[in-house]
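The following blocks contain the structures, represented as structure tokens.
Here chain A shows up in two complexes: once beside chain B, once beside chain C.
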Partner chain A sequence: MTLSIFAQLVVSGALIGLVYALIAYGFQLTFATSKSINFGQGELVMVSAFFSLTLITVGLPYWLVIPCGLLFGAALGLFVERAAVRLALQQKSEGWILLTIILGLFFFSLAENIWGRDDRPFPTPISQTAIQILGVDVTPVELSVAVGVFAIMGLIEVFKRQTLVGKAFEAVSADPDAGELMGISATHTVMLSYALSGIVAALAGILVSPITTVGPTMASALILKAFSVAVVAGLESGFGVVIVGMFLGALEGVASFALGSGWREVPGLILLILALAVRPTGIFGKAIIRKV
Partner chain B sequence: MVRRFVPLLLSLVALPTFAADTLKLAITGPFTGGSAPMGASMRDGARLAISEINNAGGVQVGASKMKIEVIERDDEAKNERGALIAQEMASMPGLSGVIGSVNTGVVLAGDRHLQEKGITKIITPAAGSASMTQWVGKAPELSIFRFAAHDGIQAAMVVEEAIKRKFTKVAIFHDATNYGVSGRDDLQREIKKQGDKLQVVATEKFNIGDKDMTAQLLRAKSGGAEAILIWAIGPELAAVANGKTKMGLTAPLIGGWTLSMSNFIDNAGKNGNGALMPQTFIEEPITPKAKAFIDAYHKAYGVNRIPSAVSAAQGYDAVYIFAAAVKQAGSADTHKIKGALEDLKEPVQGVIATWKHPYAKWDNKDVETHEAFRRDHCVMGMVQDGKVVFAHDEDKQRLAALAKGP
Partner chain C sequence: MWKRLLLIRGAELLMFAVLAAIPVAVQNSYALGLLTLLAIYGILLIGLDVTVGYLGQVNLAQAAFLGLGAYTAALCVTKLGSLMLVATLAAIVVCTILGALLALPSLRLEGPQFALATLSFTALTVIVLNELEWLTGGAQGLSLTRPPILGHALTAREFYWLCVALLALVWVAMRNLLASQWGRAFEALRDSPIATDAMGVGTYRHKVAAFALGSALGGLAGALYAFNFQYLQPQAFTYELTVILLLGVVLGGRKSLWGAFVGASLVALLPNLLSNRLLFEVISAAGFALALFAGIRGLFRKTLGPFQAIAPIVATGVLVFGGLLVSNTEDWRKAIFSLMLFSVVVGLPEGLMGFASKFLSRLFRIPEAPRPAPSPLDRALPARSVGKGGPMLELRDLKRYFGGVKAVDGVTTTVRAGEIHGLIGPNGSGKSTLVNVVSGLYTPTAGEMLLHGHPLPRGSLYKTAQDGVARTFQNLQLFTGMTAIENVMVALNGVYKRSRSLPLVLLGLGRVEEKRAEADALALLEFVGLGDQARTPAKDLTYGAQRFLEIARAIARKPEVLILDEPAAGLSHPDMHRQMELIERVHQRGVTILIIEHHMDVISELCDTVTVLDGGKLIAEGSPDEVKRHPKVVEAYLGEVDVGEKPAAPAAR
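Take a look at the complex of A and B:
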């Protein structure tokens, strides 16, 4: 394996890995506030991508499609929170696990019936022609994934740290009951986190669609990788998912070149098992100390 | 209540007498899902032939004419759905025959139910070799026929094409399905058979749903592959074509007829240009008959490109061959139709070719007796700007001559 091939594999893999990271970040957002995650997150990615594709076919310009798609994602996130999560949380039950899975299946059938089961190309004004950077071929579309991922994650992190609502977010995530006593509505904060999570899912859909095409099953492969990333990195650290996502993507590329394409997934799975065996809270996770 | 039910019951009893002067023909295939371009085109091509026949009064059976009544079932390309549908067909009273199936797995799951009852079936456009070879050495009598260029022919053509283009190093790419893996085996066998003139520098696999083909393509590139021989379906074929362009790999794709599927051509866009695949029909009006067929299809279904032209033409011709067998048998009885199919006296004028004695009496050791297509019926097609065109101009005359007949 020459250096240039290695660099190509690492860069292509890491760029796809960023999409895993973005979806995993969607898990983190809701987990932080409510200790619940949306198991139908992949379907949110898919339905938002289909919705954006419809807007494009109707003739909306691309720069307008992005905010509309993100708003749609936020609405979907709120719907998931209201329909599947809120009641279960109030009753302190784990019902949200099953309910989010069911909602995911529902979105899947909905998409099949509205948009059909075919994979469709997603037109984008960003060029698909490769450019060479330091001997590595990348397309501007792939670079747009990186830009989009870093931009949205940066914005959300700044929002969490610098604004009052963001501080509330952190407070509820630390202790919802204490937060309520300080006048912070836990319900509203959880809603906000689901809306943000929906936005993140929609952006992942819009960014990845030009590369993967849009179809009802487009997210099923991505979502499993995103779970791995979230578990290996831990459900606490945004920085962690980016590192682990890029690493996992690159590892897959290198493995399928060095070991053969049938072995692509294996190193990632070994990594997952190792992480769970050695650090169950994730590499970047904090051990939660509960004082009784 | 009772008074209301009696006429209803009577009408149910009366139905079979109406059915007696129609010919029941079932069309099955995936009309939804990833294989739908093939299934739906086959169905629509068959419908076109059926409406032509019905508009002319129906099929001549003995002294009277019978109209064709179509029964359609969507198998969704799922093996278990296919098995259920085949069971339904096997127990359907008065069914004359079945035309269809796109997926080899569906054929393997379902056809034994039809064969048990001796229901005549023409498989089209499923190409996997196993659909027919499963009967070798097992069935003394066989009611299953195929109307498609099987993978054996296709792999031979793909290897021939690579040798003809003076390539010496190739990579083999395939998906992890039955279709992809058996395609890889066919390719390796053909390379040996045609004198080992091609050196395989990489054999690469991918899964359904994979979009990032960087590693596989880099292995082909670093091995110095001059062409990529490929067996997969639409979406993954497109991912390979797109990745190839990204890495500046100019080696052409040569592969199974699935490279003509609309979901490859659309998703690959201009990156799909130059892909080569065996075809039995190309959407170009090279004969008056072909022109009439293409125009009629476009008009009937409001499209300007047939999603899978091969499937549509094969569905169309299969109906005419079936109708010819009914006419010769002088009966709507499926067993008699099978006998007539094995010895069709009159040539059938189709849109692909004029079919002279397409099938022979089933020989337990020779699947060719129930295979209609030979190497001569196939040409190389090439993707060009969103359409499949003839890769070699001389093929146009050859196909046109076949269609003209005697």
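Take a look at the complex of A and C:
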């Protein structure tokens, strides 16, 4: 493997890795407020992408499709919270794991029957022809992934830090009971986090689809990698998922070249199991002290 | 008693008899194939229920173990020409080892992380099976012919009987296991891993054992799967199957062999039921009617919240009316399955069999299993003769820092044998940290801890408990899902000998010890005054009773040293008096007691010696009266009094 091929693999891998990071960021948002994550998040990404594709084929301009797709994602996120998460949180059980898996299965079946089982191309006005930057070929579509990911994560972080609602969000993350005593509704905050998580998932779908095509199977392929990123990085640090996402993406690119494309996911999965074994709270997560 | 045995065992016998008889009555190879699959899934789901039901963890690896078992058996047959028995054993061994290996890193994980670890294992397995083409044939698949058993080539019907016989065997073995100390340890782990360790049960080996056992059953089911289909493809064992298996367990009902069987029937038969339009409509309409009835009843009686009542109605309603719109129900298999599951998980959290068993036991008035007579107290808690006054527990310059916080900062003290030793101090003075270090929850930063002059284990609740130090918890750590008597039985020390060996338990040889354990536990419950509430789930006991149960559980360890962490916190006045009297009675049986307490009257009345901590340091030690007058103690509790300054005179009017 020459150096230039290596650099090429690393760069395109890292850019795709940003999509995994974005989906993992969606896990962090809901985990912060409710200690729960949506195991059907991959289906959210996929269904939102299909929905946006439909809007495009109907004739809506691309730049209008994006906000519609994001709104749709938010609605799906709210639906997941209401149907699968709220009850389990009230009962302080882990029933949400099962229920979000069940909803994911339902969305999958829905997508399969509405949009078919085949992978479909996702048209975009952004150019697909490669340009050379420092000797590495990059397409503007790939760059748009980076722009989109950083933009939405930046916006959400600013929202959390600068607005009153965002502060409430942080307060509930730190201590839901104390938040309730201060007059912040934990339920509303959890709803908000699921809506944001849905938006993030939808954007991930819209960003990645032009590169990978849209199909029902994209859900499970993406979610496994997003899980790896979330676990290795930990469920607390937004900065962490970006770093780990890019690293895993690059690793995957190199592995698929060196070992064959069938093996591309293996290093990531092994990394995930190792990370869980060595540091269950993730590289960027806080260690937990057991209390009794 | 006989009625109970007859009904429960009778139902099991009847089911297996019917299962075995069907192929004689119905000569249909398609039906036979389905029944075989049912028996195989039955074994698989019983294995899955060990982790999902008893350990309470979401395990997404069972499909992988089915696949690994199937491929191991198939490769043994095709590459090595093994016999059926050898290939099956190989499958079981491989899955047991891989299960234990996977359990090792997953040990510290709970909830979502455990689910993720097992999910990645499934993904990894499918990739490896797919990519190792030279061995497994990759996506092309792997064909094999069913090898003969004892020189006899099995017909499809005989193979089915073999599967049913194995299912029955697994059923009996698991029933033995789950009713034993092992099964209780699994459940204890689910409710409180910390208390499980503190009761000397060992979370580590039980978690690994549970997972390895479940995986071994996956391997057995896998081998049968391979012999049944005689053709394997990696794509059969993906995420999708693992989810469906998991949901099968939940749908049938967790912690129940019947539940696993019902779940297996649904998983095996459902695709075929759905292809029959009429049957689908009948099932969905029945589900809708049931949800409607149960939901409305629950709303009126206020036993269900609005969401729990309405959501299943909506889901089954979608099922019924969606079914009218859709032309081909088979295409919508997953959606239908998910709607049914959603209704069950929300509306019947205990699954179909959890609900049915409650209903049936009321219908047939099945009495509770009888209680044995309590054993004499001398057996459950033998009186110890202790040489009074000798050093029992010595702490030398013990330190525990959390980052920059010096929670315990160089404490040296001796707890003397046969004494009740008090530990007091203002909030945040390091009392709880100190006992957490001594009992092994935290590793000391520095210093020595000696019991009888021998060093105590450091940072291991389990080993410390094994060495004869038992403790209770300030914030109760009961096994909430278990009954009072089961809570005590988990901790019983010195009763179980044979039950330590897993194979003997599987063979049902632990029963005698079970009876004795029950009698001992009952004696201890009577000792603390909870004899008549032995069968009450711990979570339904009053707060005071829960505190007494914690003590009963701790003394079941027959400890030399008992650490009580604020045993009277939040107790009503009468309960507090009963408890002081109880502590005194425990003490009289020769147990040395170290007690943290805020109520000074409790300390004054009970303790021989009192140690006072402030800011992580020992500031005074002596008899309760000495300590009360000690100037440093007064200062720590009431603040500094400057002797030279007169109290401010009241302002003149």
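Just so it is clear, the second predicted complex is superposed on the first by the 281 of 292 C-alpha atoms of A that agree within 3 Å, B and C clash if a C-alpha of one lies under 4 Å from a C-alpha of the other, contacts with A are read in each partner's own complex, and residues count from 1 in each chain.
We take it that a residue touches a chain if its C-beta (ideal position, glycine included) is under 8 Å from a C-beta of that chain, and two chains touch if they have at least 3 such contacts.
All of these numbers come straight from a predicted model, not from anything done at the bench.
Of the two partner chains, chain C is the only one touched by A:101; chain B is not. In the overlay built on the shared chain, the residue A:220 is in contact with chain B and with chain C. Of the two partner chains placed by the overlay, only chain C lies in contact with A:83; chain B stays clear of it.
Once chain A of one complex is fitted onto chain A of the other, the partner contacts of A:12 are limited to chain B, with no touch recorded for chain C.
In the superposition on chain A, contact of A:256 is made with chain B only, not with chain C.
Of the two partner chains, neither chain B nor chain C is touched by A:234. In the superposition on chain A, contact is made by A:128 with chain B only, not with chain C. In the overlay built on the shared chain, the residue A:110 is in contact with chain C alone; chain B does not reach it. Judged by the touch definition given at the top, the superposed model places A:73 against neither chain B nor chain C. Comparing chain C and chain B on the residues of chain A they touch gives the larger count to C.
The contact surfaces that chain B and chain C form on chain A in the two complexes overlap at residues 220, 260, 262. The residues of chain B lying in touch with chain A in their complex are 32-34, 36, 204-206, 209-212, 214-216, 218-219, 222, 234-235, 238, 242, 245-248, 263, 266-267, 269.
Of all residues in chain C, only 56, 58, 102, 104-106, 108-109, 111-113, 115-117, 119-121, 123-124, 127-128, 130-131, 194, 239, 243, 246-247, 250, 305, 307-308, 311, 331-339, 341-342, 345-346, 349, 402, 432, 436, 441, 473-475, 477, 565 touch chain A in the complex they form.
By the touch criterion given at the top, residues 2, 5, 8-9, 12-13, 16, 116-121, 128-130, 137, 139, 211-213, 215, 217, 220-221, 252-257, 260-262, 264 of chain A touch chain B in their complex. Per the touch definition, chain A reaches chain C in the complex via residues 36-37, 39, 83, 86-87, 90, 94-95, 97-99, 101-103, 105-106, 108-110, 112-113, 220, 224, 227-228, 231, 260, 262-263, 265-266, 269-270, 272-274, 276-278, 280, 289-290, 292.
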